[in-house]
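Look for chain A in each of the two complexes below; its partner is chain B in the first and chain C in the second.
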Partner chain A sequence: MGAIGSVLSSSMLLYIVRRILWGAFLLVVVSALTFLIFTVFPSADPAALRAGRQATPELIAQIRHNLGLDKPLYVQYWLFAKGIVLHFDLGYSYQNSVSVRSQIFTRLPVTLSLTAGAFVIWMIVAIPIGVISAIRRRSLLDRATMGAALVAISAPVYFLGLVALFLFSNDIGVIHLLPGAGSYTPLSESPWRWFTSLLMPWCVLAAAFAAFYARMVRGNLIDTMGEDYIRTARAKGLSERRVVGRHGLRAALTPVVTMAGLDIGILLGGAILTETVFNIPGIGRYAYDSIINSDLPAIEGTVLFGAFFIIAANIFVDILYAFLDPRVRY
Partner chain B sequence: MSALTWARRDRGVGRRRIAVTAALLTVIVTAVGAAAATAGGRQAGGRITVLSAGDVDHIDPGQAYYSFTYEISYATQRPLLSYRPNSINAIPDLASAMPKYSNGNKTVTVHIRPGVRFSPPVNREVTSADVKYAIERGFASSVANGYAGAYFGDVVGAPAKATKGVPDIKGIRTPNKRTIVFELKRPDGIFTGSLGLLMTAPVPREYATKYDSETTSTYGMHQVSTGPYMIRNDASGNINGIGYKPGQLIDLVRNPNWSAKTSWRPAHADEVLFKEGYQDPTVMTRTILSGSADVNGDSPPPPAELRSIMSDSSERGQLHFTPSGGSRYIALNTSKPPFDKLQVRQAVAYVLDRNAMRLTRGGAIDGRIATHFLDPSFKNQGFAQAGGLGFDPFPSAGFRGNVAKAKALLRKAGFANGMYKGPQVTMVADNSPPGSNTAQVVAADMAKIGFDVKTISVTHSTMYTKYCNVPKNEPNICPNVGWLPDFHEPQAVLNVTFAGNRITPVNNSNWPLLNDPRINAAIARATTIVAPNARWAAWGKVDKMVTQSAAAVPWIWENFPTLYSKHVTPASELWNSGAPDVTFMSVSGS
Partner chain C sequence: MPLLEVRDLHVSFETRDGTVRAVDGVSLAVDRGRTLGVVGESGSGKSVTALTVMGLTRLPNATISGEVLLDGVDLLGLTGDDLRRVRGKRVAMIFQDPLSSLHPLYTIGWQIVEAIQAHERVSEKAARARALEGLREVGIPNAPDRLSSYPHELSGGMRQRVMIAMALVLDPEILIADEPTTALDVTVQAQILDLVRELQAEHGTAVVLITHDLGVIAETADEVAVMYAGRVAELGPLTGVIDGAEHPYTWGLLQSLPSAESSRSEPLHPIEGSPPSLISVPSGCPFHPRCPYAMEVCPREVPGLLPTTPGHAVACHLPVSTRRAIGSEVRSQEAWA
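Take a look at the complex of A and B:
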C-alpha cells in the first residue's frame, strides 16, 4: 500500500486526471467533427434513402422528422451528445432502427478476437526476426527478412487478404486449407471453428504489423547494442545471449510496447479492411456499411468508439511513461 | 424490386452490370422458364445459401421496396397477387382469384383464400381485415411506406400525407372475412399491379399495433409470416439477433402454419440462409462456383468473372440472364438553357456514342443498346407499340454517334458552324466506375460539338439525393440515372420519370424536369385506361413521344445475371430483374 501510495503521488494523480479530461475533450471534438463532416459536406440524404424512390416530399419530411433531422444542427448534436453522456445511448440506426450501442457491443467480441490473435502473431513473428536481424546485421538472413518485411508493409491488406483467400481458403482457394470469407464463428459456439476461421485474417492483419515491428525492433536493438552499458556488460564477461536478452532487448522493446498499445487501440476501433475482405462481422465492417448507407448514428458510434480506444490507449501509454519517467508529469 | 431505380440497386457495392446478347437471352430465359416449370418434381429439404453484399432496405414488409428485399419477403409474405418465377404477369396469391373491376372500373373487389394462417406467435387465420390494416399502416408516419401514395393514393379516403397513427381508409372495405373492396377516385390502369406489392401482405392489427404506435415502427423486428418461410424468431416473435442480424444474415426457416394446399409455391428447401457482407463480388462469385453457396442475392458477378464463366462450358449453364425491365439514360435538364431547346437536346442525342457507353459497363454482355425506354421484355405490353427494335429516332452506324447530324441540328438551333457556343454546362456524376467512365464518354462526345462540360463527381447516392433528385440543385446533365419498374406495366416505367406533375422539390425522379403539355396529356390519358391492349398502345405512344423529345437519351436495356451453384435447381424472378425465387429453388441430393 505504501509503495502504491508513493507511486501515486499528488503530481501523478493530477497528471492522470489532466490526461483523462483531455481525452474526454478530444472525444467531444471527434464527435463534433464527424457530425460536421457528415452534415455540412455533400453526402446522401438519409431520409430520402430510407423513403425510397416513389416517396413524396411530404413523406420524406415526415421521415426526416421521425429521425430528428429537421431540428437545427446544434440541437441535433446536443441531443446526440446528451444521449451519450447521460445514458450512453449512441442512438438508433437510420437504416434499420436498431440500437447502435447494441450493434457495437454485439460486434465488439469479434473485433477483439481479431485484434488479439493478430497481436499475438505479429509479436511472436516480429520480435525474433528483429532480434536476429539486429544481431546478424547485413547477413543474408537479415537482408532476406528485411526485404520480406518491406514487401509485407507495402502490400495493402485488401490485396493480401484476397490473395490469401484465393490461395488457402477451403472454398475458393487453390489449396483447400482454411475457412474462407464469411466463415467467422463465435468462440462460444465452437472454439475450434473460431480459431480456424480467424487464422487467415489474423495472419493477413498481422503481416504488415509484424514487418513494421520487426524493423522497429531491429533498429532499436542496433542502437541499444551500441550503448556504453552494453559494452560494460560485455566487459564484465556476460554471455552474448545474456547481454542481448537481459540488457539490450529490454531497452529496445520499450518503444515497441508503446507503439503496440496505440496499434491495439486503433484496431479495436475496427480493422475495416480485414473485416471487409474476410466478411467478419466486427466493428470495422459495421463502420464500412454505415458509411455506405449514410447512416449517421452508426458512423458517429463507430467513429467515437474507435476514437475512445485510441485515446484510452494513448492515456494508458502516457501514464505508463509517467511512471517510468517522472519528467513527463510536469 | 419496386421502384428499382439503379439509385437503389447500386446501394453500396451492388451494381447489376451485366447482360447478354439477344439470342443468348432468349435461350436462357426460356431455360429458366422450363426449369421452373419442372418444379413439381424436385427434391424437398436442404438449405439454400444466398450471398449478398448489403442488407435489406427495410426488414418490415410494409416498408420494403427494393429488389433484394422482395427476394426475401416474397418467401415469407403473401401479398394479394404475386408472380411465378418465369412470369411478368401477376396471379392470385393470398387472393383466391384475380381482382374484379366494376362501377366504371372504380370499384375493385378481391376475395382471399381460406386456410392461410399467420406464423407463430399469432397463429390465427388471415382475414380481409388484416389486408386492410396492412395497407392502412403504410400511410402511418411510423411506417411511412415510400410507395403508398403512388399506388394507393387513388383509393377514396387515402391520406395525402403520412398520418399520426394508422388511418381508417373509407375506400377500403371488408364486407366479410374473405372479401376486400377498394373504392377508387378514378379508374387506375395499374391498380392490379399494385396488389402484387408487399404492402398488401396481411398484418394482424392486434399484434402489430403496439409496434406501429412507436415513433418508428418496430413491427419488422417482430413480424409474422404467411408465406412458406418465416424469419427465425423467439417465442415472443422477436427476430432481432436471432434470425435477423443486420448486415450479417437473415435466416428463413419453415413457417409451421403454412399449408401447401393454399399455395402454388413448392417451397422445396427447409431453410434459406441469406449471408450478407460479401463486398467483393469476385469472392462471392467464386464461392458460388465452388458450391459453398448457392446463388447471388443483391449484386452480380463482375464483368471479368462473367466473361470467364461464359467461356467455360462447364460453368456457362450456371449463369442466368434476365432483362431488367428498365433502361439507363442520360438526363438533360430541360428547365434551363441550353437544353430547354429541342434541337440542342436532339443534337446531343445524335452525338452520343452509345456503344462506347455500353463498353464502360462491360460491352454486349451487359445488354442491348436502348433506343427508347420500354425494354424488349415488355414485348406487346408497350414495347412493340412503341416500335420495338425498329424505333430509333437518333440512329447512327454501330450506335457510335453521328456528329454531322448533331452539327446540322445545332446549326438549326442558331449555332453557326454547328458548334455550341455558350456557358460551360454542368454534370453531376458517380465518382467511381462504371458510372464515372460513362460520364467521361458523355463529356468527350459532347466536346465534339463544342460543349465544355464541368463534371462534379460524388457517390452514387449523393448524386441522386443531393443533386439529380433536387431540381434546385440539378445540373444540366445527370449521366448516371436509370429506372427499373416496380412491376411490368409501362406506366411504372414512364409516369414518375417523365410526367410534369410528378416533378417534386425533393426526391424527384423526373430527372430531365420534362414538363411538356403534349406528353403530360398523353400520360394523363394513359393512366386511366384499364383495358390492357388500349393501355399498352397508349403507353407505347408515350414512350415514342418522350424518346423523340430527347429530354433523356436511353443507352442500354440492361440484363441482370444470376449465378447458381451446381447443387441447386435455378429459378429466377423474371418480374423482379432476375432475383432468385428461393421458394422455387431446390437443393439436389438433399
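Take a look at the complex of A and C:
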C-alpha cells in the first residue's frame, strides 16, 4: 500500500467529511453573529448614509424599504442566508448596489498576491535565521536576530507601513525608490509594476511573521536537537549538516508548516491593516471600507470569506499533518 | 593491546549549579569479541563514559580529558570526518529507549539505509537489500514489510531489534549498549540480551554493556566494571567480581538483588542512602558516607584502584584480608553466590 493510500484511509475520509460539515455549521454561526452584531450595534444607519447629506425623511424611508431594512430582522437574515445557499449570492452593497460576490472575486487575486509574496519572503527570511540561531545558540548573531525579531513582532503594521512609505515611496519618501500607496497594478497588466508596487507591502506584512517564524523555527529546532534520535543520528556517523538538515529540521519544521497553513488562511481573508495603509484594493481594504460605510452585505461577505479561508486552512492543515507525521491518524 | 581502552577519562560539565564531575578518572578496556559489563546506579558516570567514547558529550559546557584509544588511536582527538568515520562504522551504539532513539518521521528502512550510505558508497537498492538482511538477522518477522514501517508501528522489543540491526549492519568492531533492556518488558529483555550475545559470537564484536542491573551483567559479561560517582570501584573478570567481590559497594549491589532461593517474605537489602551529587562529591572515597565499613582514612584519601588478584582491582581502603573475610561472610548470608 502506498503512502497516500495508507494516509487517505476511509476513516480519514470520514474525518474530512465530518470536518467539512462542522465548518459549514461554523459559517452559519459566523454569519448570524455578524448580522446580529451589525443590527444590535450599528455604526450608522445605512439608509441615511446612502441618502446623502440633504436627505428628506421620505427619501430615507424609501431607501430603507428598497434595501429591505424595514423587514423584521429574522426575515432579513433568512433572505440573506437563502441567497447564499441557493444562488451563492452575497447580496448587493448598500453603498453602490454593486454585487458583493463580484467585488470579492475581483479583489481576491489582489489579496492572494499580497499573501503569497509575503509568505515567500517571511519563510525565506525566517527559516535560515531560525536555523542559524538555533545552531549558534547564544552567539552574537543569535542574540542580534532574536532581538530584532522581538522588535519586528512588536511593531504594528500601520507603524511599519507608514515608516516604509515615508522612507522609500516615490511620492513622499526620503528616497524615491518604490511606488507608494495606491499604486497596485494587477499582474496581468504589468508583472514588473505588480512586483514593485507590492514589494513594500510584502516586506511590511512579512516582517512580523518572519520574526515570529524565526523564533518558532529556532525554538523548535533547539528542542528537536535535544531529542534522542538526534544522538542516534550522530552515533550513526552522519555529518552534522545532515544531522541538522535531515533529522533536526524534518521534525522541527512540521509544526511550522502547519502554522503557516493557518496563517495563510487568515491572511487570505484580507490583510486589513496592510491593505489599508498601502491602499491596496484587496479583500481587507474592502472589509475596512464596508465597515466604515455600514455596508452590511459587504461586511457579511468579507467576514464569511475570511471565516471560510480560516476553516478551509484548518481542514487542509489537518490533512497535511497526516502526510507530514506518520504517527497522526484520524 | 586491547581493542578499546579508556585511560584516566575525566568529563565534567559546567552548569548553573556548579561543575558536574560526571566521570572522574575512569580507566577501562575491552578486547575483541569480549563483553565488558559496566554497572552502577544512575549518576555513576557509566553512560557519560560511553557517550564520550562516541564523541557525543562534546558540548560547549563540557571539559574532557584523558584518552580513548581504539586500536591505539585516540578518539578524543578526532574531529569532523575522522570522527564521523569511526561512529557507526567501527564503534556503534544502541540506547535505552528505542522509541525515542529512532526518528519518528522516517521509515525503518530509510534509517538503516542512511546508516549504510553514511559510510559506504552503495546504491540505494544494495543498501536496502542489506538493511533487509540486517532485519532478518535480528529476528524481525515480515522483514520486507517492516522496512517501510515507522518506529511507532513496532513493539518495544522489535524497535530495539531494529536499533541493533542498524548498529550492526556495518559490522562494527565494538557495540556499546547503553541500558539496552531497561525500557523493555522483562520477557523481552532476555530475548534482546540473547540476541546481542548471538550476534556477538557470530561477528566477533566486542560489546560494552552498560546497565544498572547486576543480574544482566552476571549473564552476559566477561569482565565487569563497577562504577560509583564517576569512578571505577571494582574491575575484574566476571567470576572475580561476582563471586569474589571485594568492594563494599559491590557487596551492596549483590545484596540488593533478589534471589530465586530467598523466600518472598525476606526483605531486600537496599544500599542505605542515595547516590552522591556529582556537583559536591564526598571527599576521599566517594562511597564512604554510605559504607558500613568506613574507616577514619576513608573521608580523607581517595583510594586507588589497586590489583588484588591478577586482573581484579579494587578501590577500597579496607585491608585485603578484611575485605576477603567480610566478602565471604556476606556471600554466605546471601543465596546469590
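Basically, the second predicted complex is superposed on the first by the 312 of 330 C-alpha atoms of A that agree within 3 Å, B and C clash if a C-alpha of one lies under 4 Å from a C-alpha of the other, contacts with A are read in each partner's own complex, and residues count from 1 in each chain.
Everything that follows uses one rule, which is that contacts are C-beta pairs under 8 Å (C-beta built on N, C-alpha and C of every residue); 3 or more make two chains touch, one makes a residue touch a chain.
Note that this is a predicted model, so its numbers are computed, not measured.
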Considering only the touch criterion stated at the top, classify A:237 as touching first (chain B), second (chain C), both, or neither.
second
Per residue count on chain A, the busier partner among chain B and chain C is B
Of the partners chain B and chain C, which touch A:11 in the superposed model: first, second, both, neither?
neither
Which of chain B and chain C A:54 touches, first, second, both or neither:
first
If you stack the two complexes on chain A, which partner ends up touching A:190: first (chain B), second (chain C), both, or neither?
neither
State whether A:172 touches chain B only (first), chain C only (second), both chains, or neither.
first
Could you say whether A:98 touches chain B, chain C, both of them, or neither, answering first, second, both or neither?
first
For A:277, is the partner it touches chain B (first), chain C (second), both, or none of the two (neither)?
first
Of all the chain A residues, which ones make contact with chain B and with chain C?
none
Applying the document's contact rule, which stretches of chain C touch chain A when the two form their complex?
51, 54, 56, 81, 84-89, 92-93, 95, 97, 100-106, 114-115, 118-119, 150, 152, 163, 166
So in the complex, the part of chain B that touches chain A is made up of which residues?
2-5, 7-8, 11-13, 51, 54-55, 57-59, 65-66, 141-142, 144, 146-151, 160-162, 215-216, 218, 220-221, 240-241, 245-248, 275, 277-280, 282-283, 286-287, 289-292, 458-459, 461-462, 464-466, 469, 486, 496, 504-507, 509
Seen from chain A, its contact residues with chain C in the complex are 227-229, 231-239, 242, 246-247, 250-251, 254, 324-327
Within the complex, which stretch of chain A touches chain B?
42-45, 48-60, 62-63, 65-67, 92-93, 95-98, 103, 106, 162, 165-166, 171-172, 180-182, 276-277, 279, 281, 285-286, 288-289, 292-294
